[in-house]
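We just call them A, B, C and D in the order they show up, numbering each chain from 1.
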Amino acid sequence: MKVVYFAWVRERIGKGDEDVAPPAEVRTVGQLIEWLSGRGEEYAHAFEKAKFIRAAIDRKHVKHEAPIEGAREIAFFPPMTGG
Amino acid sequence: MKVVYFAWVRERIGKGDEDVAPPAEVRTVGQLIEWLSGRGEEYAHAFEKAKFIRAAIDRKHVKHEAPIEGAREIAFFPPMTGG
Amino acid sequence: MATIRIQREDFDAAAEAAALTRGRKDVGAVVTFVGLCRDEGGKLEALELEHYPGMAEEEIARVATEAEQRWPLQGVTAIHRYGKIAPGENIVLVVTTSSHRAAAFEAAEFLMDYLKTRAPFWKKEHNIDGTSGEWVEAKDADDRAAERWS
Amino acid sequence: MATIRIQREDFDAAAEAAALTRGRKDVGAVVTFVGLCRDEGGKLEALELEHYPGMAEEEIARVATEAEQRWPLQGVTAIHRYGKIAPGENIVLVVTTSSHRAAAFEAAEFLMDYLKTRAPFWKKEHNIDGTSGEWVEAKDADDRAAERWS
């Protein structure tokens, strides 16, 4: 599955997108954040305040409880500041 | 004192303004409306629903209880429909 | 200091909005309201707007001053036309600017609500069939809209 | 059907508003909101707006559809810029048209409140002194503003 990052989440991780293959027990957005956080310091830093991180699955906002099964693209980003 | 009329008040009375000299016992806007109503059918028609008529003294909205003493220009008109 | 104009000719909403932001870097929000003459079911040739010269400017200026006291505005422009106005044409313009959008939005709504109920203008309908129609009646809804600010 | 655009180049608010009223006689109210880049105390060179391509359009379209369901609108246009935007320049445009002013005002406010909290855009400050400043933090006030519609 493709994971995309924006704003300071992207800056901290050091890339805008990547393909990841989390193990089968990673079922929700929250669990994916936890799994990604274990991939290195840059990920731990990006997701250190995990509950503030927003997520979208296939371009729709989702909560951390949302299942990731079937997702093509999962995005992580800080609260939006557009407008 | 000068009296000015607008919209259907003006149309019913048949003129836009006039100088009037009400007697001394006519002290308020409401009393002036009553006095004007006695000047002829056209006035009676214009002021028949007296409580709906709005008034302004020297270009400021006033209530019917307002004293007319010292007024240079008193205006009578229907509720506004601008905007 | 608000800009208030009562005029027969049309106005240019974009030019008025631009005048409130030109050369500035502190404006965060511009709200522009334009009220137009609507055709009521294909029978209206034009609305004729009568006004009380002198009082119209003064009353709108009083409303604008009140808005400037209630909200942190950087600019206020209000223009109201009079005379015959055909369906599709502009009647009234309000522009408000502020650092923040809530103030600009609320002040523009306030100005329009008060303009409707306090500015001395009256609309008469002229019909396509040549008949002079009715004087437009004031709406209770407009009074209620204005009351919410008090 | 709303018009939604995400673009780097500037927009023409007046032209967008005109496009919603041209040739029509049923529009009574046009509300135009423009959000501009403000300078925070003379140190800002520009804001850089990052966005999530694809989702930005889709999310704003969802918000616009919701507005069209809640209010009797005749037209909705929303344009959001991305890239580097200097103080005094336009960032976002919302135009709503309706027969009546309350619907146009409320829908425009709703769109802006939701755009602020749901559209995937992020602002980063670039300072005049050459330093790259902070990512702008989301405001609780914006969340509260959006919550009042639910």
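Heads up, the rule we're going with is that a residue touches a chain if its C-beta (ideal position, glycine included) is under 8 Å from a C-beta of that chain, and two chains touch if they have at least 3 such contacts.
Keep in mind the model is a prediction, meaning the values are calculated, not measured.
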In steps of 5 degrees, what rotation angle do you get fitting chain A onto chain B on the CA atoms?
-> 180
Chain pair whose interface holds the most contacting C-beta pairs = C-D
Between chain A and chain B, the Cα-mean centres are separated in Å by 72
Expressed in whole Å, how far the mean CA point of chain A lies from that of chain D is 26
Using mean C-alpha positions as chain centres, tell me how far chain C is from chain D in Å, no decimals.
-> 23
Within chain D, the set of residues that touch 2 or more other chains is 35, 101, 112
Where chain B touches two or more other chains at once, the residues are 83
For this structure, give each pair of chains that are touching.
-> A-D, B-C, C-D
Where on chain C is chain D touching in the complex?
-> 13-14, 17, 21, 23-39, 87-88, 99, 101-102, 104-105, 108-109, 112, 145
Across the complex, what residues on chain D touch chain A?
-> 35, 49-52, 54-55, 58-59, 80, 91-92, 112, 115-124, 135-138, 142
Counting only contacts in the complex, chain B reaches chain C at residues 4, 6-8, 10, 56, 59-61, 75, 77-83
